[in-house]
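Below you'll find a set of structures to go through.
Next come two complexes, and both contain chain A; in the first it sits with chain B, in the second with chain C.
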Partner chain A sequence: MSELGMFFGLLGAATAVLLAGAGSALGVGIAGRAAAGVVTEDPSKFAQVLLLQLLPGTQGIYGLLVGFITLSKIGLLGGGDVSISLSTGLMIFAACLPIAVVGLISGKSQGQCSAASIGIVAKRPESFGQAMLFPAMVETYAILALLISILAVSNIPV
Partner chain B sequence: MASDWSYTYAVARIRVLETRLLTNNDVSAMTALKSADAVVTFLKDKGWGDSSDGNEPERIFALEEQKTWALMKELGVDFSVFDVLSLPNIYHNLKAGVKEVCTSSSNEKAFFADDRFGRENMLKILSEKDWTALPAHMRKAAEEALENMLHTRDGQLSDVIVDRACLDAIEAAGRASRDDVIRDYAGSQVAVTDIKIAVRAAKTRKSLDFLLRALAPCSSFDVKALAQAAFQGEDSLLDFLSSSGFREAAEALKVSPSVFERWCDNRMIETIRPQKYETASVGPLVAYLLARENEIKTARIIITGKINGLTDEAIRERTREMYV
Partner chain C sequence: MAVVEMQKIGICALKENRKAILEKLQKLGIMQMEEDSIDDDELMKMDTAESRITWDKHAELCDQAASILDKYLPEDKGLLGSLEGKERLSEGSLREIIEKRHPCNKIARRILRYEKAVSECNANILKDENLIESLVPWMALDIPLSFEGTGKTSAFIGTMPGALTEEMIAERLREKAPELSALELKVLYTSSDSVNVFVLCMKEDAEAVETALRSLGFARPPQLALGRPEKVAEDAKKDIEKQKTEIGCLVDKIKENAGSRRDFHILGDYYRTRAEKYRLLGMIPQSKNVFFLTGWVPKAAAEPLKELMEKDYGAVFSLEEKAEDETEPTVLKNNPFSAVYEPIVSSYGLPQHGKVDPTTIMSFFYMFFFGMMLSDAGYGLVMVIGTALVLKKYPGMGQGIKKMLSMFFWCGISTTFWGFMYGGFFGDVIDVVAKTFFGYTGATPILKPIWFNPLDAPMQLLIYCMLFGLIHLFFGLGIKGYQYLKEGDAAGFVSDILAWYALLIGLILILLPTDLFGNIAQMTFVFPPAVNMLARILAAAGCAVILLMSGRANKNWGLRIALGAYDIYGITSWLSDVLSYSRLLALGLATGVIAQVINTMAAMVAEGTGFLGPILFILIFLVGSVLNLAINLLGAYVHTNRLQYVEFFGKFYDAGGEPFVPFETKTKYVEMK
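Take a look at the complex of A and B:
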């Protein structure tokens, strides 16, 4: 039974890293295409569009953070022998889901929003600050999911 | 239409290039310049043409068109989405080809450059009557127009046959397209062309049969009612337009034919204007192509006006609204 608990704990960590990372990869990819389009015509905007491209990259970092905490929790990162029951493993898995799912969706959405904001910078570089705000709004929900995942994983008794 | 993020790179490039399009202020500034040479210099300062153009306006315009299409090729988008935009040109080449084949008078300048249906290919197809070499929507009209020209020498009827087929093809392409911008463009193009035909027919008192043959069905109004109104005369036509949601067209017609032409082009720009806010579709690319055509047309109007000594006011009456 404890092996199954460990499996679900590990599955939670893997899901958080995998889905949130995939969301970031999609988002950074979409924004990157837009950034490349702008820089092709106007290389002077490289720094501005690079910042906008990087915004959707945070979900992957959040997923990685939750993954580390989870691995530590289940004893795979220098925690010694930890026995994880099936129910605890399932709880850890459930705790990882917020950042996994929200990370995937918000990463991609933020990339799309960043691409649109890169369009603003392309036409009005002076509106860079405002352009940053639109994709930053999407970040709010990734942070909320991160908080819940960290709180939940940290407070599950092992 | 659902978003298509594969256009993200292309749209971002277009956003930068839109900042280099002529604005309404630029058009006003060009109109206020003293001579055609000054307008050419203004355009050269904006990056138009190249070192080989010899400050020749038509050469500059041709180069600008080439640059636009070269950009579209570079963006690597599926060119079939632009087919609807090339329909008027290839149908024009068909008309020019029919005339050249039947009258044996050569006029190279009457043809638009086109990779598939330029002068040489079109003349070959028409001479050999190889209708299968033409797109399906063109074959019947080409055969009918050529036969009519050979037997009756009625160039106007041949033109009507080809023009009607062109409008039907644009309408069908719009209906088949999954891109909103193509649908809107096609709908607007057919409606505006129908109105132009009706106006000319009303002025020259054409028969109802002629009108029904020339006008293509469109979603904006009942073409039979439009034909009937044009047949009854200009006043009746103006009333019809006013009551069919084309009050501005009627108002423009009351002022002058050039103001009406301006309204026609401005309506097209209004149709594509929402594409300025589109991020993930082919719409901004199509809109950019049309905007480039519009600014080239406007620059040509200004230069022609200056060469012919038109007043600034007369030129201003003819200049189009810009996209940006």
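Take a look at the complex of A and C:
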């Protein structure tokens, strides 16, 4: 039975990294296309649009974070001999879901938002500070999900 | 910590002093000019558009020449060379350069001419290359493409669709025109979908052959060149060589003028300054003998300016009243520590006059929160040392970048502080190195956190984050209260500020001793009954005042109560604002945990690789740390801004001030003393 528990724990870590990473990849990709368009017109805006492109990249990192905490929790990292019961494994899996799902969706939305903000910078470079704020609004929800995932994973008794 | 008080002034002076006064004002750069509408027949404005455009064109010329020089002879400034800032130029050496501006302009024009010739050569090369490419299928032809036949024969040179062989073409021709006798047919080139052919026939057969060929889709080539393909291609190649040498000569000639680059920069700036002066000159009303200037100066600068104008130029200087519909421009003045945060405030929007400048209070919170989010002593030290070195090495850098670097310097100090509080130094690199390379088996962590490690007690830290957030928000509300008091709005102060403080503090005091809070925070509060009672009274009183007073602008009591009730609903926005500070915890954890991931990976790779181990470790550690620092620096910057803009400013701040744009020397490369 303990192997199944381990499997679900691992599934949780994998889901967090997988979905949140995919969300970031989508988001950074969407923003990157817009950024490339701006740079063809005005190479001097490279640094500004690159920063905006990077903003949706954090979801992937949050996913990695939860994945890492989960891996060390279930003893795959650090070599601790931990046995995970099926119910614990399922709990860990559930704890990983917030950042996985919200990471995927918010990563993509934040990418779209970043692309729009890159449009602002293309026309009004002086509004860079404001442009950066719109994607940051989307990220709030990824942060909230991250928080719950971290709290849940680290508080599940093993 | 304030918005600088501004004074509207008017200057009236004789036209003979116009040049001197304008140049003086431009040099001082303390006055923002206002465009006055003229309502007097005596006054008129000069049309200076033409002179301004001339100066602008000159500036453009110099800039172009300089950028051409940059293209062929890039200035080696190093990675951070752009931070060196503008060269400071004394009046004497400036005049020297201005004096030789005519030869300089000539050189600039010459450079532009050379550059134009270079691009013509490049165009020729492109043309030649295209020609060579289009001739490739005809290379097997050893007669000119325009060859039409001899006295007794007719030749057809052209292309046919389909990848056909000689036999296939001959067979098809025989089908189409069986009466043909002698026919010479040669396929010169076969591509995937067409062939280039040469067909020779007797002159009397020419018509039949042509008809047959045409029915097979034969087409003569476009007129490429008259000569033999091989020869034409060779000529084109020679021409390319020639053009390349020509370009080399031209570039050398351009490079000869490298010494003028500095002159171009300085003259460009000089011309820009002149253009700016003419732009102003076109704005000011003038009569036959006098001219008028109106505009804004900082109040403190008004008196000295008055003295200067009256004494040196015999001008009439008047302090003017601000008109009803005018807004004075905003300049911020803060202590040196807080001043570096001014760009953060101005990118949200400058404060209006008569309102509070939030920069000073914000600067402390900014530094505090930034440090909490990045929270790693190693990264903090990298920031502090890096920015300090750059700031020291390039004292002449632009104001904007200087402020930004100083801001990161202070935020780096805060980051270091929080790093030690949380026990993070490049994550857990000390422990990992000690275990991996020195066989350390003792207790970890070696670097003990001063406060506690957030990973051990995330809930506890979350509560602290919300507490810090609450303090931040209460400060915001307090500033709004201060503004109410300054405006003498006591009712507003009581019902919009005090009532909220009472309600919120009451609610928090009610919440703290509950089991719900105790379970979440793992902290128990036991208050004496008096405090519990007080909490209930505070909350109820606050609630009642908000309910009754929020809509006080309305006469209709029904509407007033409804508005009050809606305002109480605003408690949810307080809840979400406070929760928003949980990002302090989340981002702080992110930096630390990712740093640990990097260290663990580096240690896993390094283990058991012998002497290569440390090298691999350092390599992975460096690359990973740089990436982690970069992404988290960005995150901390963005989210600290957000906490200030959305949560803090949302409580009290309306931007809407107009930036102060003084009439000054606008230069790109040099600063004129």
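The working rule: the second predicted complex is superposed on the first by the 157 of 158 C-alpha atoms of A that agree within 3 Å, B and C clash if a C-alpha of one lies under 4 Å from a C-alpha of the other, contacts with A are read in each partner's own complex, and residues count from 1 in each chain.
Please note the rule applied: contacts are C-beta pairs under 8 Å (C-beta built on N, C-alpha and C of every residue); 3 or more make two chains touch, one makes a residue touch a chain.
Just so it is clear, the structure is predicted and the values come from calculations on it, not from any experiment.
Colleague: For A:65, is the partner it touches chain B (first), chain C (second), both, or none of the two (neither)?
Modeller: The answer is second: A:65 touches chain C but not chain B.
Colleague: Under the stated touch criterion, which partner chain does A:54 make contact with: chain B (first), chain C (second), both, or neither?
Modeller: Touch partner of A:54: chain C, not chain B.
Colleague: Between chain B and chain C, which makes contact with more of the residues in chain A?
Modeller: After superposing on chain A, more of chain A is contacted by C.
Colleague: In the overlay, answer first, second, both or neither for which of chain B and chain C A:128 touches.
Modeller: second
Colleague: Quick check for you: in the superposed arrangement, does A:144 touch first (chain B), second (chain C), both or neither?
Modeller: The second partner, chain C, only.
Colleague: Per the contact definition, I'd like the list of chain A residues that touch chain C in the complex.
Modeller: These residues of chain A touch chain C: 51, 54-55, 57-58, 61-62, 64-65, 68-69, 77-78, 127-130, 132-133, 136-137, 139-140, 143-144, 146-147, 150-151, 154-155.
Colleague: If we count contacts the way the header does, which residues on chain B are in touch with chain A in the complex?
Modeller: Going by the criterion above, the answer is residues 3, 5, 8-19, 279-280.
Colleague: For the complex, which residues does chain C have touching chain A?
Modeller: It is residues 344, 347-348, 455, 458-459, 462, 579-580, 582-583, 585-587, 589-590, 593-594, 596-597, 600, 631, 634-635, 638-639, 641-642, 645-646 of chain C that touch chain A.
Colleague: Within their complex, state which residues of chain A touch chain B.
Modeller: Listed in rising order, the residues are 30, 33-38, 40-42, 45, 112, 115-116, 118-119, 122-123.
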